[in-house]
Amino acid sequence: MPLPAPLHGVVPPVCTPLGPDGEVDTASLGRLVEHLIEGGVHGLFALGSTSEVAFLTDAQRRTVLETVVGAAAGRVPVLAGVIDTTTARVIDHARSAAVLGADALVATAPFYTRTHPKEIAGHFRRIRAEVDLPLFAYDLPVSVHSKLSGALVRELAEDGTLAGLKDSSGDEGGLRRLIVELGGRDGRATGPAPHFSVLTGSELTVDAALLAGADGVVPGIGNVDPAAYVRLHDAALAGDWKLAAREQERLVALFALVDAGPEADMGRGSSALGAFKAALWLLGVIDDGATAFPQIPLSAESVALVAERLRGAGLTPVR
Amino acid sequence: MPLPAPLHGVVPPVCTPLGPDGEVDTASLGRLVEHLIEGGVHGLFALGSTSEVAFLTDAQRRTVLETVVGAAAGRVPVLAGVIDTTTARVIDHARSAAVLGADALVATAPFYTRTHPKEIAGHFRRIRAEVDLPLFAYDLPVSVHSKLSGALVRELAEDGTLAGLKDSSGDEGGLRRLIVELGGRDGRATGPAPHFSVLTGSELTVDAALLAGADGVVPGIGNVDPAAYVRLHDAALAGDWKLAAREQERLVALFALVDAGPEADMGRGSSALGAFKAALWLLGVIDDGATAFPQIPLSAESVALVAERLRGAGLTPVR
Amino acid sequence: MPLPAPLHGVVPPVCTPLGPDGEVDTASLGRLVEHLIEGGVHGLFALGSTSEVAFLTDAQRRTVLETVVGAAAGRVPVLAGVIDTTTARVIDHARSAAVLGADALVATAPFYTRTHPKEIAGHFRRIRAEVDLPLFAYDLPVSVHSKLSGALVRELAEDGTLAGLKDSSGDEGGLRRLIVELGGRDGRATGPAPHFSVLTGSELTVDAALLAGADGVVPGIGNVDPAAYVRLHDAALAGDWKLAAREQERLVALFALVDAGPEADMGRGSSALGAFKAALWLLGVIDDGATAFPQIPLSAESVALVAERLRGAGLTPVR
Amino acid sequence: MPLPAPLHGVVPPVCTPLGPDGEVDTASLGRLVEHLIEGGVHGLFALGSTSEVAFLTDAQRRTVLETVVGAAAGRVPVLAGVIDTTTARVIDHARSAAVLGADALVATAPFYTRTHPKEIAGHFRRIRAEVDLPLFAYDLPVSVHSKLSGALVRELAEDGTLAGLKDSSGDEGGLRRLIVELGGRDGRATGPAPHFSVLTGSELTVDAALLAGADGVVPGIGNVDPAAYVRLHDAALAGDWKLAAREQERLVALFALVDAGPEADMGRGSSALGAFKAALWLLGVIDDGATAFPQIPLSAESVALVAERLRGAGLTPVR
């Protein structure tokens, strides 16, 4: 389906359910897509960091994208992560995503290698030139270890290379400057890049991002409670900022489930992903809460803490 | 004067005007305090990072605090930064600040040395025990190179060690979690630390912080345009978030004056401080825009850019 | 060929010559391998960071490895980098490398994702279990953004998971502790991991590493002057440390060619790789000095500086 | 006493013994100086990081320097750390050190504030101009959070601002480049800065640094076993690199005493300092192993581990 310009609303990064054998559980993935669309989301982001894209083989990535596109069935657009170290490898993924029916691509700056803004600009321009799909830049310094500057994003927005930005940098001040420089929150139609979409990945301050003029949000915990982010978004659209803040606060409290994993024994990343998947399993959406190897699984005790947090937010575990 | 509990509103970190000889220009500092109080601010933070505290000798620090306390004359409370590497040195500054009439203290975690949360907790408790003034923790990882965790701040809020937090960490998600865990935005009176004050140093997202339940803001650029932050704060108090956002956007545009300095030739810090002081000089508030040695001064060209930004924001240079 | 245990000597990370079209220039790569073997090296490391592995598609990686294995023709062992974000993707590369005739594998810890020592241990053990080739851990925090602790390397050395370590962490003190704990420099046969090979990637302090008991070196600039590293290694083996230091100093002076690129316009990585390849082109070993996209090419002026450095070291450009 | 140019040999950073009340124990400090001079050291570095300078008040700093200068009694030169955030504060310490009889000053780049190489150059030049004592630059990125570039150090060496460098950056490759560029290991008299002294703080690779042409070492654990570093230095001077390496290996094994502290409960810094001081207490050199507040003290169990390490190195605890 053609992507709205700018893309807006709630676009969760879809978790990738895995079976006990580590393979993609397509039935669970289909159910998760249904859960999200029923929750009212405006788009789906497959093969992002929260999808454990870095852990999936090329074959598994194809299976995931095929499943999400098929399950979405044109009801909402599907953005595909094309995450790899540098341009040529990213383009291989992008070509595959185009064939499988993705509506847009999401790429980071080069990583593993040290790089430079001029090289990053060339990187995005080459991807855009090689594969004819709207391209989103994914700013995720915690993984990529460089930050996309506002000046670079503006340049690539204004020349049409980028259709949008998925900002998970945590630099809310920098994002605010970018939005103001791109033409402000209300005046999008008159700014220098009116079709450019700003999506925040900062899922604990979405009310703030929408107040600042962001177009939407890509919330990891939106896998668990998509309807709450849709309510938050609707309240913001209606100008009811008090209600938006209240919805956000409820989600902040729910988000504490990511602390369930004993950090002493596992990575910060596997703790959060494990908690999201445990929640989806507890809610009956997916059949297994397993995360990809070599991430350490949540203990039974941690899963119990996740269940407690769900109940605290009024979500009822079925297991 | 007794500090309101929680302290709230606009509490700018007061710049320290210097003469051509590098000494504190007390006449200019007095005028700056007047400029801020006339702008409607709710408190003054002397000897913070924006005050160039790290560049001032002990004698100069005393001069600054004496001048600010004298000029404030009890109209608004004065918080005093007591910035030094570790506990014993901080306590020396704190004793001096108490003698000079500060209404509260602001201290960072130990720096230069590597440290640990248990040591940081001991540090704040010892300062609080030794000098009987309300104590604010100053979270500034860009200078201190460690981050105060939400858990640690909560512990020190709940046991009464801290009267508040000045959060310049840029971690808005973490701050949101802290506020929710402390008892939420409206329910401050019923939370676990009802008198605890959360002040943000993220001057580009103040509307967001207030929507999230922060009590106030410590904006560096509030030296230049204090009245704008007061209008922003008033709009937020009145629940007019659209107006608050518009005021914030104007301040975001004005803030671009910190880019005036040629970063190739000077530190990021001296660029911002130099621009704030150039603006105050252009507006006729202080007599000289000099920053402390060894910071590289702004060029005439950069000062002209600052003037342009001021005019863009409707502030009229008088030089 | 069976890998010596421990592997020792000079094992350069083989550059990947590219044509103007960005494809692997196998003829040049064959000549480079010949240049290295004629220089007396003890092994070849294909598909490492200096080989621009992060820029090569899977097809190009296969071409490179096939070419290097073919050109080496069993005269020296070939280690193959299997660089990717996490375990399943690394294993895909490892299977391919085994089929193509690699003598050993070189893998990093997971990257892009945040990880944990227990997860890293599982990662290496799974790779070792799945593909039956000696496995080297590649410690490269500048790319991987985590550091392999000495305790973890020892654990994996002692249980036979790892055949060796390629240490490019720059933490020479930590490496010294590891070597002492593994059984010391002379007493390798009696230490806890007698067959374990320690290779340093710190190409400017190889005399020091060999004095400390390292088994060998993986020098990027060894592409340009392999014979010099072999002389350094021979001097060290003969106990002539003064001569070893003199050879090292000559190589340190030569290494300054990596400063040729204007850092303002390109990444630090592309500057060094571009200089190595320019040197190989100037010396007539390869047909084109191009680096992989999106790295910024060296300017003609920078290439002239590289030529000057070569002449300063007594190496004569032929172009 | 006049400082040798270049200063060379073993120059330990003298620990600061504290009493149970946290005050400087001058009797123990005097005995420690005697212990070091009897061990054969070539100089003393008072008020460095290992001296807990960041924890000492200005009054305590004066007491320490007075005691060390008095105890040294002209037998070896005394270098005084003048550690503070920026130039004016450093100069205050430097003036005090000159009055108290220090033979040279050791200063870092500005910290707490963000800075720039041009500002750092101005900083060192101003200190040198204001206080007429030989000035050493102290490169300690783990505390200062910026790195002195080789180019900057060379510039300040060649124009006479700096008498030397104390390099604790851990960047051994960069140090090697600097030494080569300054004129090499043997040819010091003919290089561009023949009187410039390069001292390494990398106490686990001193043989390597001396082989590379460094003039000396500032080893923290040299407080515990100064004679061993003197033997290492003598072996290196005599060209017996095998013996130098063996002495270094023994010291590497001894150094493991810094792991005694449970890192889960204390900072990495306090663990190492606590272990050095526990060792000095166990050996009967000082009366109390206390570290400065707020560092967490070593447990009795940790002290027992330190004692074990001492015995393993042939040093006999007397308590």
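Side notes on the structure shown:
Letters A, B, C and D mark the chains in the order given here, with residues in each chain numbered from 1 onward.
One rule holds for everything that comes next: contacts are C-beta pairs under 8 Å (C-beta built on N, C-alpha and C of every residue); 3 or more make two chains touch, one makes a residue touch a chain.
If you're wondering where the values come from, they're calculated on a predicted model, not measured in any experiment.
Shared contacts of chain A and chain C, meaning chains that touch the two of them, come down to nothing at all.
Interface residue usage between chain A and chain B, two copies of one sequence, is largely shared: over half of the residue numbers at the contact are used by both copies.
Chain centres were defined as the mean of their Cα atoms; on that basis the chain farthest from chain D turns out to be A. Note: centroid distance chain A to chain D, computed from Cα atoms, is 49 Å. Chain centres here are Cα averages; for chain C and chain D they lie 34 Å apart. For chain C, no residue reaches two or more other chains under the stated contact definition. Listed by label, the pairs of touching chains are A-B, A-C, B-D, C-D. Taken together, the chain A residues at the contact with chain B in this complex read 170-173, 176-177, 180, 184-185, 202-205, 207-209, 211-213, 239, 241-242, 245, 248-249, 252-253, 255-256. Against chain A, the residues of chain C that register as touching in their complex are 22, 49, 54-58, 60, 83, 85-89, 92, 110-116, 118-120, 122-123, 126, 142-145, 265-270, 292-296.
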